[in-house]
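Naming follows writing order (A, B, C and D), and every chain is counted from residue 1.
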Amino acid sequence: MKKARLEAFSDGVLAIIITIMVLEIKVPHGEQFSDLKGLIPIFLSYLLSFLYIGIYWNNHHHMVSTVHLVTGNILWANLHLLFWLSLIPFATGWIGENHFSAAPMSLYGFILLMAGLAYYILQSLIIKTEGRDSLLKKAIGKDLKGKISPFLYLAAIALSWVNSLIAGLIYLIAALIWLIPDKRIERALRQNKEAATTNDL
Amino acid sequence: MKKARLEAFSDGVLAIIITIMVLEIKVPHGEQFSDLKGLIPIFLSYLLSFLYIGIYWNNHHHMVSTVHLVTGNILWANLHLLFWLSLIPFATGWIGENHFSAAPMSLYGFILLMAGLAYYILQSLIIKTEGRDSLLKKAIGKDLKGKISPFLYLAAIALSWVNSLIAGLIYLIAALIWLIPDKRIERALRQNKEAATTNDL
Amino acid sequence: MKKARLEAFSDGVLAIIITIMVLEIKVPHGEQFSDLKGLIPIFLSYLLSFLYIGIYWNNHHHMVSTVHLVTGNILWANLHLLFWLSLIPFATGWIGENHFSAAPMSLYGFILLMAGLAYYILQSLIIKTEGRDSLLKKAIGKDLKGKISPFLYLAAIALSWVNSLIAGLIYLIAALIWLIPDKRIERALRQNKEAATTNDL
Amino acid sequence: MKKARLEAFSDGVLAIIITIMVLEIKVPHGEQFSDLKGLIPIFLSYLLSFLYIGIYWNNHHHMVSTVHLVTGNILWANLHLLFWLSLIPFATGWIGENHFSAAPMSLYGFILLMAGLAYYILQSLIIKTEGRDSLLKKAIGKDLKGKISPFLYLAAIALSWVNSLIAGLIYLIAALIWLIPDKRIERALRQNKEAATTNDL
């Protein structure tokens, strides 16, 4: 029962976040396709953020499906995650308005970092509440994606000041990592690691 | 369980899309009915898009009700559909702002085309997941509507540059086709085809 | 199953309608209470529309709870109702912006009239689908409120051009009629009728 | 069944309220971090209101989970609560726009006071409907938090005119009281009372 409302509220907030971002794409007064040119950075930042909110919704969906008991702490950890995600439309708008310049790009990374942290806290709380044999713990395994993501965000934040397109590319890669099914990624990373070890010999 | 959240999230996003379009109908400062005149194209484009989102919600509703297993691919195909639908308020606003001129009208058709494609992908994925005897496959039959719609959109995109009112009329017809119950349409099309064949003799 | 989504979608749309109206109450730049004075008509129109959407949600809630079979017609009759209700934020904003002047006040009544008609169509369709012994038919009884409301709206539309405050008062009364529990109203009307009959003797 | 829709509608409205507040944080045109400086009061007021809506959602969630019968009165008491909460985004925007000046700060407190009152009315109605042995009555116990909060709001409203930062601090404390698990608070208050009594001797 409680879980149903946690899901319903999160779905509501995420649905609104993903949709209000489109309000940033302001209708131009001109009637030519060329009048849309100025909207390209706004559209691209919308696309990236749509992807991120979609990934969070997807993962949240899977994570919460393993929960049996919703405690007060879990409710607040969930609200904490929603808080950081609610700032994404703002950061997205700032990026688009300023054509991917340094400060907006690094703020975007900071918000992703904090959302990632909030997600990690929520995940840890659920595992702690569910106990050692929790389904979630087994499902996330070594949580490679979760461990790599913050480093990618930190790299992108730093690189925003060198070249904001590289930062944008890293945000895109960090998103795509979550899209590709887990096993392949893990296998790819393992092979990559083995290759690196072989090179070192 | 999983299905419930897929539906809840889609309902949320569609409900927001259908409602934020109304924000484009900006309240006029004047207090006469004549002050509403300038809003007529915006109102008409709102009406058309309300119809389209309503149809998508309706069809989505029926399609998802046949699903038994929600896979990761289905979740993403669904988000892909929601992405294109989320651009409808923007295109609607652009049409209304520029009194049905060519570029906005063809962009509108392009978004409908992409949404139609995304719907087709989602439908195919569900049928593939459900197996050969899937309820959905039986329900859609030859999927005449689904096959006709993209040609109507393409025709409207091209005709936008000739006469945007004709394009608008085609969008309306393409919507109405989905409103009329299936059997009658199919019968009408069959009779039409037979008539055409008879004419050819 | 189907019913759950009809309710979820309607709840979503009504929740958004009731909340986006608050966006019309624009934050003033001044920091004195006197800076809020200009917002009083906007606030009052918000209050009235909040009441109406609340009543519609409440009645919709009761009506749909009696439904066993959701047909395609019912889905579309429901969307038709939501369409008219979605225009209430616009009419509310127009009223507030122009301090209850004649044209906005009569447009407001027109939208209420159309929403009332859409509600009546939906109600009739449900009763027809549920059959003669439908729970809804018994519940609404003679549907006095439903029959009185359109006349009140029509009166208010006409009186908007004489005195818009009287029109506003009628809208308020038409709303309050729905708030007061049924039995008392019916008894009051019966007594009123008897009194009138007695007077006629 | 009825309860599910009460929850769904409330979740929808609360999700929208919590998210539209973020629209008040307008994207700045500049691309430097220094361009965000002007947004700090708006961000802080957003944070405070996010906390309050989160607390209300949390408490609403717990309260409604004890309900067995949803009466018409409960539906309207719930809408009454949502009405006051729907005004929080406006008050939040006014605070942020005017850097925590006196009138906006006291209006904020007034809305919190009315929302608190509406919550109390809803709570009382539920207890009355559920009967003397209602789970809710046992759960809230002496309802210390509920009894202290209005006095804190009143104090903050008055102190807004002396020093608005003190008022802001009180709003924050009034929120944090709800965040800390009950037992500790009650114990702390009891000890405080005992200490006060000891001092009196």
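Just so we're on the same page, a residue touches a chain if its C-beta (ideal position, glycine included) is under 8 Å from a C-beta of that chain, and two chains touch if they have at least 3 such contacts.
Since this is a predicted model, take the numbers as computed values, not measurements.
On superposing C-alpha atoms, the copy chain C sits rotated by 90° relative to chain D, to the nearest 5. At the interface between chain B and chain C, under half of the residue numbers appear on both sides, which makes the contact a different-residue one. Distance from the chain A centre to the chain B centre is 29 Å, each centre being the mean of its Cα atoms.
Centre-to-centre separation of chain B and chain D, using mean CA positions: 41 Å.
Shown for chain D are the residues that touch two or more other chains, namely 8, 12, 15-16, 20, 23. Only residues 7-8, 11-12, 14-16, 18-20, 22-23, 25, 27-33, 35-36, 47, 50, 54, 57-58, 61, 65, 179, 181 of chain A touch chain B when the two sit together in their complex. Those residues of chain C lying in contact with chain B across their complex are 1-2, 4-5, 8-9, 12-13, 15-17, 20, 23-24, 72, 75-76, 79, 82-83, 86-87, 89-90, 93-94, 97-98, 101-104, 107.
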